[in-house]
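All remarks here apply to the structure that follows.
Letters A, B and C name the chains as they come in the text, with residue numbers starting at 1 for each one.
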């Protein structure tokens, strides 16, 4: 384990919370800018997400009648805490100092909490639009979570370990999993888009149908916390997919000295997550929203089916390698 | 889930204008709905009875922003028929050009709105950017982006200069190319196909039975188009085709509207290139003889009907407006039952509703200046506020 | 049938219901009574081959309130069936069961003129706001807004 001083710096400054907030806001800016350019618009300036956050923090908090205020305050913070913690276990400059066997499961569990938070908010809002949105969020969760988990399971199977950092390190000696398991890579990206509730999977917050779904009654600092939580969610999700499929912050050769490796790893990490963001933004700009029953069909027929096929292929490949 | 009442309106992000659909839903399926159209009611028909022919045209133009020229032209041509006036050919051509440009910008707007309703914002941004080309042309010609004020009884009020004609012709080729791209996109884009196909289907018999008009009806194969059936302006001289489709669902209506934009480009190009010389108006008499006329016009949303009755004075005795959106509401109410909640915006948007047109009747024309202040608080509640003070004649 | 309708044909077919007249280019008007209107509409649809209903126009021509039903068909002519409803007892049978679009239009006319359509499934307010006072029919010629009547909505003070 690392020394306490380094741990504090790692958690709170870089690549911890300070960097995480900055990078999350930067990715939000990039996402909006890329989509705007694709739509022949100009898009917001660099400082826009920061300005939005500050503005939201300053707005009045409106409590709908009869709503449990303490819970309403707590739930966005819980979601925020969950995604921030998840990020700590993803390799950013080399191995994560908190890595342990099974942290993949922990990260995946923590990354489902924002969706559950949305459902709770929708349910507690005493508002028909929010309730419908919350139910849609959970329905969507059931649909994409199975293929997504399976798609993230297959790299773990092939690498023979349950730690995200070790899976990233395994790819240093072998090929990237994006090359070895392309089906899983595609499913992971689609699943990530669905987890983040971005078009075509922004069903729970379909503006033209149910106002803003579970987000309808969030105001002021609660909205700021939830909004920031989803921005960080994007970073954590992209970082996870980058670590599992694109080799994380590591290159196929080891860099010495160690501190140079960390700096190089940092920039490689940023580069790979930017690539994933580019794919997700293009996906968002190029599609419209689908309906929940259509998602149901696509999710179970194609996504789940493909992920099981990928699983079978990986099991076969594993046994072949063992024998060879 | 037991039956739940979901209020769609009067304020709702899916609606561009206030209307109250109270949707009673069972889970995600719609069981029935109630309709309340009173929110944009302004008392125009009664107010029109108090104004002479010069003053009534700007009033009727403001029935609706997007189909303003339709209302003005329908009324003007009705009065001209009653008076027995023949307006000069140049005026007819100019009216046609503005009418078709209006159709183009209305359909492009609709395409963007339909894409927005399904969350496909990229197409929304693209079509509205192309719509700006049409709006620039209209602004050059008339000075306004909506409410062009081109008509008067007896002709048009403004002429088109040669440079305006040239600028307009210059914008048409790029528009035509973009329309080609949209045809491609609509036919191949997966999410659009998945959200539009099979939604809100209306068979040909149902379309006829429910009295649907316009692109909604033509998408079901009903071959009625007032420009061909009851020709007015120059539609019998210009080569153009009626666009129909056979699907009867929202996808069919998209096809029909895009096809109509292409036809409008054709008509505008022909009219601009063959604009006859001559005067743009004749002097109309002040009063109209006693009579009644049914003036029909193909507005972008469908057939618009003005029933005008005159009594020998310089005002109408009665103008009864039946707008295309009102004719299409019955089919919407029928189509929505049994569909998903998520499809409400798509189905309602597919008839291209113009609620300002739908709700324009009755008076609020009082001599005693009864005025109501409306606070934002009150607007948020689901009640209509009566605006009084239409002004005595 | 795509051949244009002639005045004689219309006159002959509709002679049980009233006299037919040419009312402008391509339009024929037949004056009939509220008792016969339902049969007249059916005759128009079957014998004159009018498969599309256009609109119900309404007007206040003292001493009656006039209702005019317009139809058209593949022959492209417009057939207008006109009835006059007495003002003191404005009652006429509904057409909403044989003509679905008439449902909304009749509700509107009921709001504005006060004509009762017997047999209509639900003559609720549609074009006027819910709290518009009863008995005030704005589009009648003799209607003036009363200075002390409250027409619904909100007002300051």
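Everything that follows uses one rule, which is that a contact is a pair of C-beta atoms (placed from the backbone, for glycine too) under 8 Å apart; a residue touches a chain by one contact, two chains touch by 3 or more.
Fair warning: this is a prediction, and the values are worked out from it, not measured in the lab.
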| item | value |
| --- | --- |
| Smallest number of contact steps required from chain A to reach chain B | 1 |
| Top chain pair, ranked by how many C-beta pairs fall in contact | B-C |
| Most centrally placed chain, judged by C-alpha centres | B |
| Centroid spacing, where centroids are CA-atom means, of chain A and chain B in whole angstrom | 45 |
| Chain centre separation in whole Å, for chain C relative to chain B (CA means) | 23 |
| Cα-centroid distance, chain A relative to chain C, in whole angstrom | 61 |
| Touching two or more other chains - residues of chain B | none |
| Contact footprint of chain A on chain B as seen in their complex | 4-7, 12-14, 28, 115-123, 125-126, 129, 189-192, 194-195, 340-345 |
| Chain B-facing residues of chain A, complex | 35, 38-41, 128-129, 132, 199-200, 202-203, 206-211, 285-294 |
| Touch list for chain C against partner chain B, complex | 23-27, 51-61, 68, 70, 72, 76, 78, 80, 99-101, 103-105, 108, 111-112, 125-131, 138-139, 143-145, 147, 151-156 |
| Residue ranges of chain B in contact with chain C within the complex | 35-38, 41, 43, 45-46, 81, 208-211, 222, 224, 229-230, 292-294, 296, 303, 305, 307, 309, 317-318, 320, 322, 326-327, 329-330, 334, 359, 361-368, 370, 372-374, 378, 383-386, 388 |
